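Below, chain A partners chain B and then partners chain C, in two separate complexes.
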Partner chain A sequence: MNTAVSPPLVKAWGLLTMSVLTRTLREGLVLRALIWPALIIALTLLISATFVAGLYASKSAAVPEVALAEVLVAKGLDARVYADPEAAFVSGEVDRAAFEDAEGWVLLARFDGAYTTIMESELRARLGAAWRPMIIPRAGRNAALGPTTRLLVGLLAVLFVLYGVVFGAGGLSRDLQDGSLDAERALPLPSWVHAAARLSAAGVALSVAFAASVGLIHTILGVNAPFAWCVVGGLSGLGGAAMGLGLMARAGRAESLSGPLSRGLVAVTGLMALGYSAPTIGRQLPVASVGALVRGDLPGVGAALTTLLLCALAAWMFDRSAR
Partner chain B sequence: MLRAMNLVKSFHDPAGGVVHAVAGLSLAVEPGVIYGLLGPNGAGKTTTLRILATLTRPDAGEVHIGDIDALRHPVEARARMAYVPAEGGLPARLSALEAVTLFGEVQGVPKAKDRAMELLHSLGAGAYVGRECAQLSTGMKRRVVLARALMHDPGLLLLDEPTDGLDVQGRLDVLQLIQSLAAERRAVVLSSHIMGEVERVCQRACIIHRGLKIAEGSLDELRALGGAEALDDAFVALLNAEPKP
Partner chain C sequence: MIRPARVFAVARRDLKVVLAGKGSWRLGLTALALLLPAGALPLPEFKTPLEIAQAAGDIPPSLADRIQHNPRFGLRMEGEAPVLVHTSRVPPPLREVLDTLPGEPTVRFDLRATEFPVPQRGLLLALLSLSLLTGPLTESLAGERSRKTLLSLLTASISRGELALGKWLAWAGVSSVMTLAVALSGRVTGAMPLGLWCLGLPLASGMAAALGLWLGRDAEDEVDGAARTLRALPVIALGLFGAAYGLNMVSPGLGAVVPLGGALLLAGGLLTGVTPVIGAVLSTAFGVGALVWGVARALDAEGDPRPSPALSELSHLGVGAAVWWLPVAGPAAWALAGNPDLGQSLSPAAGVAVGGALFGLYALVEALRRHWSLAELLNLPTEGVRSLYFPRAALVGVALSLSAAATAALPFPDNGWLYAIRLRLSAGLDPGWAGWIPAIVAVAGQELMFRGLLQRAVGPLRAGLFFVLVCSPLDPLRGAAAAAALALLAQRGGVPLALIARLAWALAPESLSIASPGGAWVALAVAVGAAALGAERPLGFLGRR
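This part shows the complex of A and B:
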């Protein structure tokens, strides 16, 4: 009878990983969960940017003198000479106006912002005032937006860690219920290969989806250290999946999904909080490195090693659960 | 082909007690024989099959598949057998062909996709190869599961309640399939609590109750032991003869 020769473990691992990945991505709900957060964030940012740009885009200015208009035009404003700049402003024809009345020069502006500041600066320079505002060009949008994007990407990373727990525990629970885990375990492979395949599939799905999300936000806003975020997000998603898989394997059929899932979610939340409150330690730990990076601490090599250790522990728990 | 000796397996129940799922069970199955594992619900049939399939490690006992000590070398033992759980165990989101091919590829079966197609056609599931397993009827799922189990041409088949959930025609079809597999010199162990199907296909059977083997032999021997002409009656008589816990 059986003349088949089992392929190398690595090939079997790869085949099972592809199978789990295919099954996962064919679940419409899972696919939507991976794609929607980034799309919603991107869409929200674009709508906000469009709104803000529309609000602050006006460069119009009314001035009483040709010389002043020329200086302002040279600075990027759409300045024109009006006989009565104040009337042009009040009528809504322009968003800024400068003119001289009985008490001195007056600047009217409908918005704050760079162009209003430029206009004030030029007026003060022209009058020889003791001080004038200056706009110093930004070092880069990343530096200016750093805290905002860090928080934004950090929240996304937290979401992907929680997904990891759901993937790890939920996938195993489903396979326990429908018997496909038993069928797979009856294959002539060491038990850890099945755990490794599940973790690899979760790691790949979460890393790719998270990296795409970071890329999208980086394109729109700019993200500090996007590569570090991709590494930390991917590793932490994998860590979450390992946590979910290990806890579900330990519970086995004796418990429904809700118990291991809630324990896993609490554990990863605790780890991320630890990383945020003690980033020096957190940057070396799985999942906790998300919290550390939100605080600005780049991950250490230890984070990768401890994540692999967590995966090994989950595989061991998976193996033990068969006994 | 299969020899199991003095299998013992206990579990802790949630109340802190101990449940003896299998208590000193031994059995032997030769190639070409369909062996029935009979017993009421909770008798220990599934645990026994899981031990034989090396999915559950017994507290004591031995399992040999051919000349392989299955407890010491489970991976080698699994290469010679196939286990089909009661639930079937088909991944919902893979097509029938993908599910069967995967098992062939993982086990190094040459031209796994061609063999999967061939098996699915020969088992009457050829029209459904591209359909997701979740969309298959229970009867069709059973055919796909059997095709998957046969991918690596195992000498031993362990089938946990293989006709569970099937209608009359589906049940007859699956039993016929099992008979044809045994005719190819495969050893088959199937668990069931339906006497009619055991009478139809099994040559030998053992009745287990609370993890204990209470009778074993050919179907005629079991009828004689139970003192009844019908296997159902013999089964009930043998169970009732057991002392209550």
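This part shows the complex of A and C:
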């Protein structure tokens, strides 16, 4: 394997990367696969929020006393004084009503949410009740969101790693079948340049698309350590592509795409499980670092080094298969 | 004219081809693995966390035996007189216990919420049967096209309608038989009683088979066909179910008129009475007829057609709106949904930067797909940019920065959710409030998208219209004036000139703004006029070779 890297080789590598990248992006199927996941997550979150807003955002309330109305208005409710709050509620004019009947105070509500709780809290406070609900505004971000967003972005990262395996194995399989790899190999270039170009194209496409996805989710939901996610997602996508390419190169024309693909997917699942169950080891490995980061362990330098090693191994397998 | 014998012949042939070899085993085993647990196994009973009286924090000793202590639960109790319950919603079981405290209940809480009927398991069965059809449907039509056997079928003595109907009959029939068999087995195990809902299963299968064939009607091969069906079928099914459910809430039975949605409502046991059931049957029949007719018409197509130019332009508009509105205006939705803390914890500046970056990325990818050079994406004129335009672009930018008050006198409901969204979307024209770096990223992305990609792809008029719709939908007059000035600049010197104007506009100090709307409109007119003026001596290095 000729591993000497000269400026013309680097230029050829760059041009081939551009060519593979353009070919990949010209396929609508691939482009949609890269764009849709984040867009669907973002849209689903916002549609859910809008739906909840439609259900619970009403602030209207009817009360019998001016003093109570003033307290509730100060708390953000649209409270008004009615001679018969119950009638205002029943007629649909308001969504909450507080009034006193023969047995005591009654709170009627059409929605069980924050504004209803605020109203109940104020009412109970005025009456000196034995218990009352309270909503204390948070000073910062809800810490409980951390694990949820890590899991969400982690699942997205898993998808991109799987894309990596499919890009690596599927791209090579298609190029073997349609003869474009043979045409490429006729160029006076060492064999590893073709592998490197494929890996760098897959790495660029997956890293950029994943970073854009993380950015989108970060602006809508907030993601802890978004830059670490971008690094881990990019490296793991590249790692997945290296696995796919190496396994497909090893199989060559003797096997169809399904064999190397399934082996690659099994390897990805195994590495993910390793990263999740043993994060201190996983954070130093490609793909496994996704599992580790879902647990909250930031990636180590080892993850970048081992990804490069994996790429070198894939390029070596590709080179061997060319002989 | 449809001849039933030929329709059955096509159906038989399709089943033989797709189910040959291991095909029948694969389909049978998948059906068994997916449908049987959903339909025939009894469900274990479990309680959701809100159905148990539990809390974190300090539970009063008098209630300790009736409230479970769960330190990870999101509801916390503290104090004794009074007992404070930190939550935005008190679960009914906990309320029941709290109301036993001495002196309680002080307030009787009466929740009269709208009842949302929960669908029965039949809906799950119907939805699962849709996913089961993806593989066979793809192989049926897209597979025939890729294997070139469709051509020989088209030359046979059968009509296009008979061919499409035969393929539909094959898979609607198989799916119906399988789901009904599972429903029967559910009756045997006691998991699901038989009823009118069973009629929803073949209706949903029939409509899904038609929809699947229609989605893959012009797919080039199995991968293309499967990708379309996998992506679109669940979304369409859930969308139609949502529409039908919503209509049913407005008026019981009305949801039956939604094709597929009505069938799914019926399968979920949400339609009662004969009239809604007839409605569901008719709407499904109408839907199946229309889709099968569409498939028959598309059978002569030579693989995947290019999307129409109008559709392609609309897709630019859709993507543009999504990549800008979601990160910039999206977080406002949390406050509306009753969670203002989350909205406030998110940085609007990051939204502006991400929106701009996504614009730029979209423009770059589209340019790569179209094999454009960088000069083409930047929309540079062939003869180069005239030097006099650089200071003129800066002048246009400064004039635009004076225009903030231009539409201040126009009526706008400045309260509630629209106001919150308007504030955020103002970054489309005035991103300066987000800070230097996000503003620069945002204007660079916008200019690449609207004055680079779109102005070259769809022309300045439509690119300007898209800019107004995406970046200033709630301030359209000012947006239109700005779009006109920037489009004129881009006609003379491409994206670089428009970018200079936008940077001067975004980064000009706020103190420059004219307070009166009249003066601001004069400033906008000056900007458009300055952009429209001509000049001498092009700079060759900024030209397109």
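Note that the second predicted complex is superposed on the first by the 305 of 323 C-alpha atoms of A that agree within 3 Å, B and C clash if a C-alpha of one lies under 4 Å from a C-alpha of the other, contacts with A are read in each partner's own complex, and residues count from 1 in each chain.
The criterion applied here is as follows: a residue touches a chain if its C-beta (ideal position, glycine included) is under 8 Å from a C-beta of that chain, and two chains touch if they have at least 3 such contacts.
Source: prediction; values computed, not measured.
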item	value
Chain B versus chain C as contact partner of A:159, first or second or both or neither	neither
First (chain B), second (chain C), both or neither touched by A:188	first
Partner chain(s) touched by A:73 [first = chain B, second = chain C, both, neither]	neither
Which of chain B and chain C A:22 touches, first, second, both or neither	both
Partner chain in contact with A:212 - chain B first, chain C second, else both or neither	second
Comparing the two partners chain B and chain C, which touches a greater set of residues in chain A	C
Touching partner for A:81 - first (chain B), second (chain C), both, neither	neither
Overlap of chain C and chain B interfaces on chain A (superposed complexes)	22, 26
Chain A-facing residues of chain B, complex	14, 50, 53-57, 75-94, 98, 102-110, 132, 145, 148, 152-155, 185-186
Residues of chain A touching chain B in the complex	1-7, 12, 15-16, 19, 22-23, 26-27, 175, 177-190, 254, 322-323
For the chain A and chain C complex, residues of the former touching the latter	21-22, 25-26, 29, 31-33, 36, 39, 42-43, 45-46, 48-50, 52-53, 56-57, 98, 103-117, 120, 123-124, 127-138, 140-142, 144-145, 208, 212, 215-216, 218-222
Interfacial residue positions of chain C with respect to chain A in the complex	74, 81-90, 98, 101-114, 223-224, 227, 231, 322-323, 326-328, 330-331, 333-334, 336-339, 341-342, 345-347, 350-351, 354-355, 357-358, 361, 365, 368-369, 371, 417
